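Could you have a look at this structure, given as structure tokens, before my questions?
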């Protein structure tokens, strides 16, 4: 795994992460953590499809010019944010349904995934911020050479942790 | 029932009805039919929160100036339209979830009703275009004197149809 | 924002809020709080569609004469209250399904929203007392001039709170 | 099974069956058919909790005086009828949720069964008009001697139909 | 309410309550409490449709001879007990679905209510032991004169508690 | 695959298949067909947990003496049959939930699978009569030598049908 | 119950238990406990269908050679493990859906039970590790003489615990 | 929109589409149609996670060497295919849940989306083959210059079709 991790202070963010409410940050920050671990710089903003729609629009116009190539949008309940983002960009949009209502996030999952043809949202599991990051990394890796190796190293790591302690418990 | 119905060709629309897809029209037109029956003029447009968001914005700015006082927004599946409308106006917004997906409209119901505080959508039943119209009429009636009488007459009519043929079937 | 808030002790209640059980009050009182913040006077009563139906009927006859123009009805589980109110008045009725059963309020949502044609209930989210108040305010605002400005000021306030602290977290 | 079936033209109805809409009659009439087969006279009316509430109240006051001892109430969607009946009588009330909405009657089942303490509805399966009749018969049988024998004969009949043709299909 | 409550030590149980597991007793005992409050004597046993089916059969044969006229059967998850009881008696059987699984009792509700024609279970709400008792009382009241008055007094009591403290909260 | 298929007319049934209603036979017969294809003799009976419980008991006592080693029980809606069988035998019981209600068999699935500890039902998919047969075959194969080879041949067959026509469709 | 329990240190495991994550062990170990109580030796491994698929394949090839005759596979959420095991063996596979997501395990139940024809998974209740063990024991008992007696003794034990303390609570 | 569409016969497939059963082809072929319309070459194979797992593995190793950069995997019911693919590649995997069971595809949606961390599946709506193609195109567009323009042209086209016929229906 000899890839040299690019100094993260020099690089520009490749991933723009939006979330609908400050209270979602503990879940959403896990996406940024995974991306950082894979050497991918990201930026995280609290923006609402309903309260600050024009701020969403401004951000989606500006971000690609600064180098953002993938968006991650997180929202609960009626969960319109990912769809609103997908309607205003042609970049890939990953949606993370959040479980902050009483229906275990099933409502947010359906509101995120069921987009009309032409405006897809790449949906991950409820509260699946980590996998949103891994999916962003896989998408970026088809273009950015080093990321694929990072992903392979990370996966090998996870497998090792599974295999090592695993003696059959006979009883 | 002496109220004189205002000639509908002279009046301006009081209700703006938006629906996400031309295929929804058979359901949505029932709202317009009920409103016409109550002497309330309305306009119906096909506009999509995802495909034509700027057209939605333009319409929501123009319509109140022409006299529209209540919006009805109809959409299925992820069903973002009513919420997008409610986020861009301060007029009352009635949402009609449509059952055009496989989940009997339960997905659209949740995506329509679960709005964040400050941006309410007055939700009616799945495919409930008729009741959206009746609700619009009740809202308008607190301001426009004649509508209340129309509503009372309509209700009396419906009750009569219930009562008349209703002899107990004894067996 | 120059509107002068009418002294709330002088005005009569414009909104009548009913709830099915004293144990719902902590949720339901949020509606009254939001209305007060918008300068709209309201009255809140515990009345049950099943235990005190004749009291409900008496209240619905008396309230409009004292100036009430919108009703908010809150109930959980079988949640018949909003429907019973809507069947006995022609004023707009807002229904708040409560989550006091084990099904996260989905049962109450369906029992509130699925009314027969002609007897609509403007349903908001489960436990959505705040949005019931905002919806009542939007309805009243089409008639009462000052309320619209209050709503606009409140919304601007909420947006500001969203925008201010929101520096992108780059990592 | 020597009980002499009382001539049904002479007896007074023991069961009052209410249903919310004329379109429900094909389902609801099965209850009356089962009751007739058990020699129990019944009367069936179309009455709506929302459209004709005062007619419901009048009926519930008059029926017991004419000899009705059990009510069966059938309704779909928000399904308030059985609850409204149970709130206005102390006789046993059997509720039949109907599947005339898109949710296979699950909505009506929940709206029928989840009544507050003190106002019970004896709920049977969705569209379960037959079992509503059998339940009414079991209830009446604790008081009226002949019904129990009719029930036993009917059950024996059904069992025989199960047993007769039932040779194991060996293959 | 001058009815003289029959001394409960002299009377025989009119209601037989069965429950599938000792851990259900805190919920199920509420049925017995309500019945006692209405002057109706009952007996409560832990019997399982799956573990002790022959004990269930023995009990169902013996109980009616000792005067039991209504059964209440409580069970969670697959919830077969009420159905098994209804299949072995012609007395009215009330089923109480319990919420002791992870699905809020919806599984138990469906397993209790969906019986085949001829074998009805009078189902009440999930964990609705109180209403099972009130339903048993209503059923017994059509035969036993004093119970109806007890029910009326109890209901009047509950209504009074609703009405007394209920001054409108104006704000 | 040189195993010699035992002449099915000579062998005794190894699998006893029970189903709750004659109307289920078209679905249930598929189990018998799969078993016959694997050279396993079976017998199929219509028996009801509720209508003919004593017949179920008699059968479960007699069948093992004639050589039956696995039971398959099929039922819809409240779906008590498989559980009732599992409570009266120590042989493996496979449950097939049927979709003959309005809830797509989800109700029957839950009523079949959620058995108390000690009384397991090996549940397959809704209407999964074929897989019930394959599961029975796998269970019998740990004891009866030839069945394992039959299963392997059948699987190889199915794989071949998958592989043969499968040229990538490039477009 | 005079069967001599085989010394568990001498015997080889008959049951192979796989689970998708170390965090599932507290639930899964109950299966091993029940099996040990029935004198059946088992081995328990943490293996993932997604992270260590080749380890799963290796294990499934090796285990039958060492004497394993039944597999138990436990997994939550997307819950692919039991299906992956069933696709690579012809031995009986028991699936235990785990409730480690937010949907009470209903997701895992469906992902475990709904296998294509020819690849059955014998599914037990959500978190039903105990019943998975009892089911494995019933399957093994058709071949291994002593196990059936152990099962009978265990069941008798459980019944006794039900019967003993069970005096009717009369009130 | 002057981009010159690359001759599709010269290019190699960029997208590999897998589906679990030949009967899914009518739904799945829509993905290939959309991709062709965007000038993106794809290949479509029927491969099963359960019946032909080794064929899946072979394909996933070979395809990237021939130029495939994104996979689309379609499956219904237990729906393991997309997860199995994601576990064996580091390329982006798009999952299409199919509605070929009785639960409207909700089961397949959950089985597709709920993957463990590190193995993401970019899930689209039930039967959402079109959006799977659009999502693949968005992903490829971050690397392949011409695709972005194709997407923009396609979107503009769709919007035009929305706008043109859309005169307000005033009534």
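The chains carry the letters A, B, C, D, E, F, G and H, assigned in the order they are written, with residues numbered from 1 in each.
Just so we're on the same page, a residue touches a chain if its C-beta (ideal position, glycine included) is under 8 Å from a C-beta of that chain, and two chains touch if they have at least 3 such contacts.
Every value quoted in this text rests on a predicted model; they were computed, and no experiment measured them.
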Contacts common to chain B and chain E (chain labels): C, D
Touching both chain F and chain G (chains): E, H
A-B against B-H, pair bridged by the larger set of C-beta contacts: A-B
Same-residue or different-residue interface between chain A and chain H, half as cut-off: same
Where chain B and chain C are represented by their mean Cα positions, the distance between them in whole Å: 19
Euclidean distance of C-alpha centroids - chain B vs chain G, Å: 55
Where chain G and chain H are represented by their mean Cα positions, the distance between them in whole Å: 37
Two or more partner chains touched - positions in chain E: 48, 51, 77, 101, 103, 113-115, 118-119, 125-126, 155, 158
Chains grouped in pairs wherever the two touch, ordered by label: A-B, A-C, A-G, A-H, B-C, B-D, B-H, C-D, C-E, D-E, D-F, E-F, E-G, F-G, F-H, G-H
Contacting residues of chain C [partner chain A, same complex]: 99, 104-106, 125-127, 155, 158-159, 162-163, 165-166, 168-171
Residue ranges of chain B touching chain A (in the complex, touch as defined): 20-21, 48-51, 53, 77-80, 83-84, 86-88, 101, 103, 107, 110-116, 118-119
Chain C - residues contacting chain B, complex: 34, 69-70, 90-94, 109, 113-115, 117-126, 128, 130-132, 134-135, 138-143, 148, 151-152, 154-155, 158
Of all residues in chain F, those that touch chain D in their complex: 8, 13, 22, 29, 32-33, 35-36, 41-48, 51-52, 55, 77, 101-104
